[in-house]
């Protein structure tokens, strides 16, 4: 509801432009979106109808395995994105409007995920359109990954949004680390052109490697780490 | 569950009337409603049925483009309202019952948005009723804008709800700025009488101009700005 | 997942029994349930189908007025319950398990409201069952009111859950004030046996009287009020 | 979006591995999932259709009693899990990635509950598949209980995630106490092979015994309790 600027409201414009939001508030809002997104995933898993119940509920429930799998994969993927979001916002000390907008775009992509999840589960259940569904799933993940990277690139570019407890070199490494994400999802999309199942397995492998990869590092030598373990 | 007052409960009435809520608590509650509203928008985007999947999932998904567009526009519109809400509550230091009620009415309008969003997406998909749907969408936005303005007008009227870090002049400018909103949405509603597509484009243009308009002002001279950048 | 006690785990039992929750945490959780309940109300308002759109979207939308009304009434009723909840928890300084359970039962009743709201809207739209629907609506409100009162009665009984900034006399008055609620809703249920419309109007009148009744008291003499305005 | 490690990003890896999350943040996120899960349970309770309304709304509503019961039982079960979650996180002072992942798996199981709740309610209403539905319900509870126990076992194993206000002996007792949970649910699943109703009653009895069991202990002698009542 804010329109184009006019000189006479310069001061209010400054007031509007300069009101920042604390990173904690933005993170709390994003946490809310992540939490709601994963919790309403179950609404896309539909209970078998009365006819299927009369025919045999056990079979009908087993027949729904793609829905359970899709629910679990997307649940954990969004959980992973939440953990990564916490990581980058751990270092961000200043939030301005462009960062809020990039964050909104990332949330828009992640909040969209229940749809391709349902489409993928239904496609596998029905037995048609799996490739298209797997590709759609990956495209939405690419979108989310692109905006996620945009958040960190914008925040770390001039290092002005970050505090003193991260060096530019560390910031760059995090950029490299997260920058791989969208390309991995692009690979999954390309694979889906040929084989939906391999593409889907690719998502699962990505998820597993993420969780294995982030096992506690407490036993690792921290010779090159200049800062103590961060605690929020 | 509170009834009409009787003299003998004057004291409790004072207790009831005078219990205020911190602006932070009201903002947190509103943030929750905004976050839930944008995240459940995706539930109105329905996956194609089994027949459409067998016929061709790619086509069925492309056919749903109005739903994706409506989802995105409403998602970002509510995001914009959330950012504006944060702005005004940044300045509000005192919350009383009328303010809580005006805020509830604004939330009621914003939380209603998933319905006209679904109606608009369906109308465009089906090819009938687009004008009515575009008008409904705008009417709900007008409602939200009216209550939003009411919040700020009430809070800034005697300046008693605001803290010392905003001048009455700045408060007035914010009133002017936000006051334009409902009229812009009214324009969109009037346009929709003639042409739904132009009306919908109008919403998108409003959104884009808002986001472009609020690019960082850090390079702007702040000669007339008496207060330092606000941080929450 | 906690079973019957056995003597040998006495200490852990004490540990389990004595872990309290801060009132702030319980209030935040309840706020979450209130916010989600009001925001997902809109999911019960269904967009007209393609046939209705082709026949005439304007008429179809007008035909849905009971859904809009039911949405608004329940939205504001839950908002009112939220404000009252804030009031009582403003005074509660100690939360133990019984209080947490009573609060859960109250939340269970309030979170149930979207169902009778949908039933009432549908009954009025279809033109059958309005009396039963109005009665159901009132019964759920009675339930919520009973548990709400139970919370305050339990908390204020020995005054041990309350802090020093409320006198037993004020606590009693709040008990009286809220105690009227379930009886008002019972009246509405009894009315619905004879006339659904009057019963529904009764809910609206209750709502309006609540909102008018809680206009700012700042101009009222506070001669009998021993404590200053509370701020959270 | 994090891939396999390579030596040259050791430092960023350390940065990624060592960024911890405060227990408060993890608990707030979990609280959000619990609150959303219980509040969207009502979406699985469907209002009777127009034909049922014309036939007789009262009967149609009474016919839905399994949905009301399932809603209430699951609502309170998740409420109980929330209270237990608060208990264990009261003692946890340090959160690392494995703990975050175990917590996500627990949330995945709990957030899945609306599905078996709907299946159970529908099965009882339709009169077919009750045993399978009761077994499914119990299996999901077992899953949630296993991950819940995993959280506490991992956190209390070397006592390094716990603060000084709990002794290893007390930690062990809590492990024993919660460890019984999954076996109780397994019993319910085994019972369901023979009789669905007894199995369902078993869940209700578990719930009641939990709530009776956790009545206030303030009058109990705390001779063996070394720490004062905890307050969050």
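Note that the chains are named A, B, C and D in the order they appear, and that numbering of residues resets to 1 at the start of each chain.
The working rule: a residue touches a chain if its C-beta (ideal position, glycine included) is under 8 Å from a C-beta of that chain, and two chains touch if they have at least 3 such contacts.
It should be emphasised that the depicted structure is a prediction, and the values quoted were computed from it without experimental measurement.
Annotation of chain B and chain C: not jointly contacted by any chain, touch as defined at the top. Annotation, chain A versus chain D: rotation angle of 90 degrees from the Cα superposition, expressed as a multiple of 5.
By the residue-number overlap criterion, the interface of chain A with chain B counts as different, with under half of its numbers used by both chains. Between the Cα centres of chain C and chain D there is a gap of 25 Å.
Mean C-alpha position of chain B lies 35 Å from that of chain D.
Along chain B, residues 28, 32, 36, 40, 43 each make contact with two or more other chains.
The touch graph of the protein chains shown is a ring with every node of degree two. By the touch rule above, chain B contacts chain A in their complex via residues 28, 31-32, 34-36, 38-43, 45, 47-48, 50, 53-54, 56-58, 61, 71-72, 75-76, 79-84, 86-87, 90, 145, 148, 166, 169-170, 173-174, 176-178, 180-182, 184, 206, 209-211, 213-218, 220, 222, 224-225, 227, 229-232. Interface residues of chain C, counted against chain D in their complex, comprise 1-5, 9-22, 25, 28-29, 32-33, 36-37, 40, 43-44, 96-98, 100-101, 104, 107-108, 111-115, 118-119, 122-123, 126, 128-129, 132-133, 136.
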